[in-house]
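Both of the next two complexes hold chain A, though its partner changes from chain B to chain C.
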Partner chain A sequence: MTRRILLSAGLASMAGLMVLGESLPARAQSAQTSPRAFISNERDHTLSVVDMDSLKVIETIKTGRRPRGVTASPDGKLIYVAASDDSRVEVYDSKTFKLVKTLRSGPDPELFVLAPSGNPLYIANEDDNMVTVVNVENNELIAEIPVGVEPEGMGVSPDGRYMVNTSETTNMAHVVDTKTNEVIENILVDSRPRIAEFRKDGKQLWVSAEVGGTVSVIDPANWQIVKKISFDIPGVNKDAIQPVGVRITKDGKKAFVALGPANRVAVIDTGTLEVEKYLLVGQRVWQLAFTPDEKLLISTNGNSNDISIIDVESEKVTKSVAVGRAPWGVVVVQ
Partner chain B sequence: MTRMNVRETPMISTRMPLKGMPSPSLRAGLAAAALLLAAIPAAQAASPSGLWPCIQPRVASLAAAQMWDGPAIDGLDWRDDTAVAELVPVLAARRTPIEEADAKVEAFARQAGANKDARLTLLFAGVFDQINSLRSRILTGIERYSKHQIDLSDRIRQESLELARLKKAATSEADKAKAADAEKQLLWDTRIYDTRTQAVTAVCESPVILEQRAFALARAIRAQME
Partner chain C sequence: MRRMVHAAAAAAVLAMAGMTLPASAQQESPAPAAPKPAAAIPAAQTFRIGLVRQMPPQPPWIAPLTAPPENLGVAGAELGIRDALTSGRFLKLDYTLATEVVPTDGDPLPAAQKLADAGNNYILLDVPADQLLRIADALKGKDVLLVNVGAPDDSLRQADCRANVFHVAPNRAMLTDALAQFLMTKRWRNWFLFVGRTDGDKLYAEAVRNSARKFGAKIVAEKVWDYGPDARATAQSEVPRATQVGEYDILVIADEQGEFGDILPYNTWLARPTAGTQGLMPLAWHPTMENWGASQLQSRFFKQHQRMMLPLDFQMWEGVFSIASAGMKTRSSEVEKIRAQILSPEYDLPVFKGVAASFRPWDHQLRQPILLTHATNTVTLSPQQAYLHQHTPLDTLGFDKPESKCKLN
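Right after this comes the complex of A and B.
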């Protein structure tokens, strides 16, 4: 039975690729070689597609209700969107912008992470304190892992061995062994942890705490906290500094942390773990994503309804682009 | 079925090293404590009078540093620059569409002369000052609104008690007419109360809209600086 489902899913996706190749005019294909950013607009129930060369919105895709987490398959062909209020994951073709399929998600999916191989998908269910593990090929439920209260942030180690979930109310990062799908460690961090992000060499795990106002840097060798980074912006009240999104460059040298209503992105040296700079972006900055070449970083600004474009090398904000209402998540594919 | 089986998998297993999570009951306790802790900042954010009706935290005043990374604006007297003093109220006014405001900032920058950056800083100081004080007045207004609702709900309670009393005691036609009048007043007050309650969400949005405007203007002004 399983084999038949797999086989039919495989045939269906092959057929899909063939149709895609034939139906797209050559001109459209070449025009789509520039990277595209997909931004989920929580209040508009849409995805904005931004061409990263022209920095223009080229398409607005209608999605399920309250889209939040967004990620892409490793080959960049598929875009996964957590439609929180419809309790499902929607999968879009990154070139035709068409809905390819929907996946089960468990209730109220907020954020998710794909295994580095592209399968399975680990989904945080904010309402029922679970992480749902789904096979993206056949939509089968692989496991449900009980975690802390209000699970949100999802990270996976570069080798795929560990998945880390943060729970906003329990204030913990839960480490899951992906072979057994069982929690092997619980790390107490500061209040309301939102994001877990591994450095690409797997030697650091960063966990942001929105209310605590800190980022805990954890050593995955022993799951101990190496340092808690705190932030200080002259003239900005401490309460407004709420770390959420974390992204680390592929070379592992530089980290960017989105600071919520402080409207800044902090630039951090991952060696010294010191903040080097604060970049003024838009209002209530939450999530971040690099372009595939890592020349640009995008921030989603939920209250100014736009994204900011940051030049990674010069560490400067170069432009803001208006998107939908309450932009939440972002992913960029080539 | 799979769902059931997986759900039954205990999170706490003796095989696993568990730090800070010794037992399910303690874990529930920890979660409850965390909930209580999480509630504290919200309570602190409430207005001193306890009248703040919005889900958005009450932030008494805006911080310039949340929207401005240019030169400091403390102590700047923006009214001394006539052109700035004239432009500030136009930019701050919500009836000026933001695109039009952007164009006005650009035109100001073109004619600002040698001290362009200093004058643009003054312009931001003015806009920030005006919007912040308008916002403070709105916060006070929202609390007045809230106070009025509380008073009205007290009145409705009194009126309904009075109505019950009147209805019970009514024997003559005159008494019945009196009760009918009281009932009409009660219905009317309830209707006002309900309409005003429905409007709270929109009322609470106005400080947010002002903050968005201040941010957009700050960005437009900063973009004109070298």
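Right after this comes the complex of A and C.
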């Protein structure tokens, strides 16, 4: 599978080179600046790299076992991947695709979030009811924070003051003060909370509950739930609507929520907190990521082994791109 | 083992003091800050959970691979307590477990009464159906909620249902409906039913027949196993003769104790798959289950007990956690509040099968997906996609409201 993708990508780029031989320098330059998406393929143990201009897979990187969470350094130069079954975080160069270093992670790392400054890295240890805080410069363990059962979702406030972890079986969002690395608040949400995402102005915290089928919007001023958003899609059974990935635009106006086996991404107005639209994507949609210019949104579709490309302005799905088996996480860098 | 649970509780209490209350963090800071209003910090609550397990009769022989571990079931309850403590420490909730194991020929009623007298308001029962009814009737009117984690009898969900009993264990009809849906999806419609000699086997066979009727399968042949309790040595000659019944798609086995079911595969006259109590089995849980967070539960269990998590372990985990998770919403250990919470439309129990489980209000049965698994793989989970329902596809398994003969009182 992987080899075939590599081969076809190779052929495609060769064909491109032959046809566009004259414009080679221009092309090379655009390749330098075009955004690249990194998609972790949980069941292939690889990262697919997709060129976001051509929407082609340009590289498949072999990673540790069961790569899930993926994020990038603020400057976009480094890609962090949680290799869950190898219990480590791998750091790749986003241009050369080479492994730069590995970081400690604690057991079974699933998802993580970088502080807005780029350091430290907060890692959810799904098997150990803990969040591990690691200094990405020297790989030192800064703290281990006990949280609920099956920690998963990780969010950090835009000012870096609060880190939020969700525990999937305890059904809470745990708010951690990043100065003391202590839990200061526990918010009970619906079943299997998966993702915690702050709005860029820090005034809303969104927590998706996969089995509960809702997204709780929380006010970080008092950590109270403002509203629980639920979803209703004609012809789709309630049980199949399982919110996972959440992304909010930089201007804070629109939120996108991936709905798992409902195979839809919901578009939500963050002012009214009403669902405006459902976009049909691939099967069992997990995670979402914007391109840096926020023109495109990518969804990873775990059961159809592809990603869907969503045009953010027109709110339309424009293309799907085949990647590896069980695509899980995604991040895009310039 | 019980000591360990208590140690965990103590650790949780310690952790709690430092972690849940901003007020305690403020103690260290020199500037006196206004303490949180008392109403925001609920009083500590303790959930006392009891467990009665009556050892089942020993089968005539046990294959080494399937020998039941000594702490079968109880181990799952212990993990349930640990998970409850990990979660509850953030809300000042404490959970304790008191276990009574009764021998096969013993009487579980005094054990249950003893637990109730000691203040265990929630009692998990893994006892035969007739004993369960004795206990339920003896404790009627007391401040005790019973959770059936072991007995699969359909009668307990129908005419013999009780208002003070909730059923976590899947009943036979749920299991055989789950199997029937999958076999129909595969278009394996013609079944050969082989029934064992015990009462349980006969009830399982009855559930198979009902499921066949419900989903449109046909039982084209039926036989009773009469080759003695241990036919391992002669299976290769006897089973081919015993299975010459003409054409069929799949052999369905009703052998709850495991006397003969495992010696049928590969010994049948025709090359046909097997299912039921052996072969492709409908179960609440299996060590090969790994999706939807199941692998995390499996590895938590393995870390605590150094063995795989079996169906009864899982059912006991569910029993404990159904009380615990309701308690996190009520923040009160009062039986009436927990009972109301468990029956409320918002209640959901995480069961690591992709959808939340909940209790049917008409007979208190936990509705949840059922695994179809062989020894080394979980093949699928039912309900199968094609089976639709106006409320929840989970109610296509077992007794839906219109089929219920239960009158709770």
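As a working rule, the second predicted complex is superposed on the first by the 304 of 334 C-alpha atoms of A that agree within 3 Å, B and C clash if a C-alpha of one lies under 4 Å from a C-alpha of the other, contacts with A are read in each partner's own complex, and residues count from 1 in each chain.
Rule of thumb we're sticking to: a residue touches a chain if its C-beta (ideal position, glycine included) is under 8 Å from a C-beta of that chain, and two chains touch if they have at least 3 such contacts.
The model shown is predicted, which means the values in this text are computed figures rather than measured ones.
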Chain B and chain C placed together on chain A: clash or fit? clash
Message: Between chain B and chain C, whom does A:212 touch in the aligned arrangement: first, second, both, or neither?
response: second
>> Applying the document's definition of touch, where does A:149 land relative to chain B and chain C: first, second, both, or neither?
In response: both
Using the touch definition from the top, say if A:263 reaches chain B (first), chain C (second), both or neither.
first
**Report entry** First (chain B), second (chain C), both or neither touched by A:322
**Finding:** neither
A:126 in the overlay: touching chain B, chain C, both, or neither? Say first, second, both or neither.
second
Of the two partners chain B and chain C, more of chain A gets touched by chain B
Margin query: I'd like to know which partner A:234 touches here: chain B for first, chain C for second, both or neither.
Written below: first
Clashing segment of chain B (vs chain C; choices 55-63, 73-81, 91-99 or 217-225) is 55-63
On chain A, the footprints of chain B and chain C overlap at residues 146, 148-149, 169-172, 182-186, 188, 191-192, 211, 237, 239, 261
Listed in rising order, the residues of chain B that touch chain A in the complex are 2-3, 6-7, 9, 11, 13, 16-21, 27, 30-31, 34-35, 37-38, 41, 45, 63-69, 208, 211-212, 215-216, 219
Interface with chain A, chain C side, in the complex: residues 15, 18-20, 22, 25, 83, 86-87, 90-91, 293, 296-297, 299-300, 303, 321, 325, 328-329, 348, 350, 354-356, 388, 392-394
Listed in rising order, chain A residues that touch chain C in their complex are 108, 126-127, 129, 146, 148-150, 167-172, 174, 180, 182-186, 188, 190-192, 211-212, 237-239, 242, 261
Chain B partner, complex, touching residues on chain A are 141, 143-149, 169-172, 182-188, 191-192, 211, 223, 233-237, 239-240, 261-263, 278, 280, 282-283, 303-304, 320
